[in-house]
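When the chains are written out, they are named A, B, C and D in that same order, and each has its own residue count from 1.
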Amino acid sequence: MGVEELVESLGNQVLTTTLGKVVGWGRGNSVWPAQFGLACCAIEMIATATAGVDIARFGSEAMRASPRQADLMIVSGRVSQKMAPVLRTVYDQMPEPKWVISMGACASTGGVFNNYALLQGVDKIVPVDVYIPGCPPRPEDLLNALMILQERIKAQGIKGPQ
Amino acid sequence: MIAENLVVERGVSAGDAWVTVEPENIRAALQSLKDGGYRMLVFLTCVDHLADSSRTWPARYELVYQLRNLDTKELVRVRAFVDSDPPHIDSVHDLFPPANWDERETYDLFGIVFTDHPELTRILMPDDWVGHPLRRDYPVGGEVVEFSEEHAMWQTAPDEA
Amino acid sequence: MSTEGLTITKTGEQGAFGGELLTVNFGPHHPSTHGVLRLIVDLDGEQIRRVKPVIGYLHTGIEKQMEALRWQQGVVVTDRHDYLSPPINNLAYALAVEKLMGVDVPPRANALRVIMSELTRLSSHLVWMGTSGLELGAMSMLMYCFRERDTILDMNEEISGFRMHTSYIRPGGVFADATPRFFEMLDAFIREMPGHIDEYEDLLTMNPIWRSRTIGVGRLSPEDAKVLGATGPMLRGSGVEWDLRKSMPYSGYENYDFEVATSNDCDCYGRYLVRIKEMREAVKILRQAVDKMPDGPINVDDRKMLPPPREELETSMEAVIHHFKLFTEGYSVPPGDVYVAVESGRGENGCYIVSDGTHKPRRVKFRSASFANLQALERMSLNHMVADMIAIIGTADAVLGDVDR
Amino acid sequence: MLETYVPVLIFVLIVLGLLGALVTLSFVLGPSKPHKTKLAPYESGIIPDTPAQRRLTVRFYLTAMLFIIFDVEAIFFYPWAVLMRQLGWFGLIEMLVFIGILFIALAYIWRKGGLDWE
């Protein structure tokens, strides 16, 4: 149920650009991240949420503890083999539309630890929208990634991430 | 303070005093050390001497118990060499409560079975993990990195280590 | 890869107040577990009857990784296992390697190491106080504490070029000499920090909510603390005066005078007071370290261990040979095993190294303070309310990277 | 006679309109893809296999009841507070009697230990 099914059924001729812009603007400027702090990048994520480098200017300071109220998952830290199913479960329990930022080298590619214990990149189990290099990346890098994600959300309009 | 008949060998390595003990009477040795004032178990771990050419080792697995005397500030390291399959030794969790998790971790990463440990299950690895990662014949794993001969060596189990 | 292998108590045992025991999963994805700690808690109404910590959700195989890295590369990994006090882990590793090699670092390197360790202890306590305060309702604590932490991270960046994982302390000395600007920032920081600590104390120490949430919560008697192998503020909070910097001094701590912060409250409030006092002592040590900063080299001049300075490479041939050998094969440490313990923000973080003479360590074991402190969790939280569990997890200050290694 | 209630009517209409818009918009615009894991209960990332329906102690019910009693008591203050001037002393005494009765109940509960948890 939803407008986008209606739009697809009409073969996309119907003009939904203005509505899409408004929806994209609304979603983009209030991206609520789910607290998925794992390791060192989580400390930098907390530092981003504090007054020094204020993530509240981008509408994302409400770091929701439960995935039900979150629409962005910032995977900040290294994902171990034991944590992978938990990460997938939390990702599944987030309502659509949802996005994923893979913060730091460990989340993106396994980083310094290329061994048996780590998942070599979180994109093996969840679709990732924005990768951030760095170990840990500076808080400003996280804001930069958030701004890139906001442009992408605004461009997606009603349909959200495919 | 440790009964002489238990000690197989005694020495100092880089400033740390160590004592080698037979695995059968590890409990007696630790009990006598504990009565002698070494009440704190700093850590307990295992070292795998597979294909270790630097010195001759009586057995493959060397269990290391590091004890500390809080009053006299001394440290002593008790070592026991174990080599059966599966390697097993008595548990000392009732003498030193911190040993409970240390033994579970040593079992998890090395496969050393500690007899009559209350709950000898994996503590760090997922429960259905196969193999004991910190053994020398367990490859480092991870993904193969192109153009890095270092990493190719990690993939294969180090036969000559 | 199912995680349901755990035996969660399915029996509906009778509780004390007529209800049944409810098994609650303080799972890995929880805002107040200071990382990915999972606690399976049996609740009788609001009271805790059984706690079963499940760890391993951040196991990174650091000890296996170090067996595959050369001696000088290990510093990169030791930074990241206790990510709240990276230089202190490096210090443990560096001291252990130097003890095996039988080399001593010059006094200036020792002083720089003490400065970096105390700055790290401050930043680690600031993160602890910010997050623990946030969990017990003091939202503003997070903003205040992370403001000071950012100034410390700026200093880290000034001296080593990296905010958190500085890799500054290496076997054989330190990465680079401290720049004059670093000393200016350090002087300004030392002048202001006691004032900031007074701010924290005004916020929390006499705060009725904070006191009612922490006094009498998480009681740990001195005997229990010693028997359970707890170290650091967990031990000193129960009145046991044991601080490695004082009792087994390393890298020059014996010529700084500071007191060991202890408190006899044996509960969360006592541990909070210990950490506040430790922050004040850390500033005192920093003051003395800056005043008595000796001159001289910052590295051991053993060419086998450290690369020669760059300008020498044009002139002398054997400098090039040393440089080439170091960066292709690395140096080898004489066979032997050694254990060195240092005092981190959480307790005794030690490094046990076994070397078999090759250019890679045979076994590196990190004695992690949070691993032992976490075992005291069950004894501290029996028959407490669920809400007190948050304060108890906070006071244990367990960093899960340090626990799972 | 009913004109005085027109502002209340407008207020109710605005509230219903706003609520209606919010609910329908989010229902219409938001994509909804329910599947098994998403509908499973969230317990910190682990899908629980223990039944959550356990018999709970009566203390929870007791605490809830006490809260409701004293909360409803607070509602009766509002009409009195609005007309405090007109009612004058009579209103005040009436309210004090009302509060006194409930205060005796509170004291009784306190003495019998209904408020503390153990």
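Basically, a residue touches a chain if its C-beta (ideal position, glycine included) is under 8 Å from a C-beta of that chain, and two chains touch if they have at least 3 such contacts.
Please read these numbers as outputs of a predicted model, since none were measured by experiment.
Chemist: If you average the Cα atoms per chain, which one ends up farthest from chain B?
Modeler: D
Chemist: For the chain pairs C-D and A-B, which is connected through the larger number of C-beta pairs in contact?
Modeler: If we tally the C-beta pairs in contact for A-B and C-D, the bigger total goes to C-D.
Chemist: Calculate how many whole Å lie between the centre of chain C and the centre of chain D, each centre taken as the average of the chain's C-alpha atoms.
Modeler: Inter-chain centre distance comes to 46 Å.
Chemist: Compute the distance, rounded to whole Å, between the mean C-alpha positions of chain A and chain D.
Modeler: 35
Chemist: Centroid from C-alpha atoms only, then distance chain B to chain C, rounded to Å. What do you get?
Modeler: So the centroids are 24 Å from each other.
Chemist: Could you check chain A for residues that touch two or more other chains and list them?
Modeler: In chain A, the residues touching two or more other chains are 67, 81-82, 86, 90, 113-118.
Chemist: Give me the residue numbers in chain C that touch at least two other chains, ranges are fine.
Modeler: 1-3, 27-30, 56, 59, 61, 64-65, 68, 404
Chemist: Multi-chain contacts in chain B: which residues touch at least two other chains?
Modeler: Answer for chain B, listing residues that touch two or more other chains: 124-126, 133, 138, 140-141, 154.
Chemist: Hey, how would you classify the chain contact layout here, line, ring, star, complete or other?
Modeler: Its topology fits none of the listed shapes; call it other.
Chemist: Between which chains does touch occur?
Modeler: Listed in label order, the chain pairs in contact are A-B, A-C, A-D, B-C, C-D.
Chemist: What does chain B use to touch chain A in their complex?
Modeler: It comes out as residues 124-126, 129, 133, 138-143, 145, 151, 154.
Chemist: Can you list the residues on chain A that touch chain B in the complex?
Modeler: Its residues touching chain B are 81-82, 110, 113-118, 120.
Chemist: Under the stated contact criterion, what part of chain A meets chain D in this complex?
Modeler: 1-4, 23, 66-68, 86-87, 89-90, 92-97, 158-160
Chemist: Going by the contact rule set out above, which residues of chain C touch chain B in the complex?
Modeler: Within the complex, chain C contacts chain B at residues 1-3, 5-6, 55-56, 59, 61, 63-65, 67-68, 99-100, 102, 226-229, 240, 242, 247-248, 335-339, 341, 348, 350, 352, 354-358, 362-363, 365, 367, 371-372, 375, 404-405.
Chemist: Using the touch rule from the top, collect the residues of chain C that touch chain D in their complex.
Modeler: By the definition above, chain C touches chain D via 3-4, 8-10, 12, 15, 17-30, 38, 44-47, 385.
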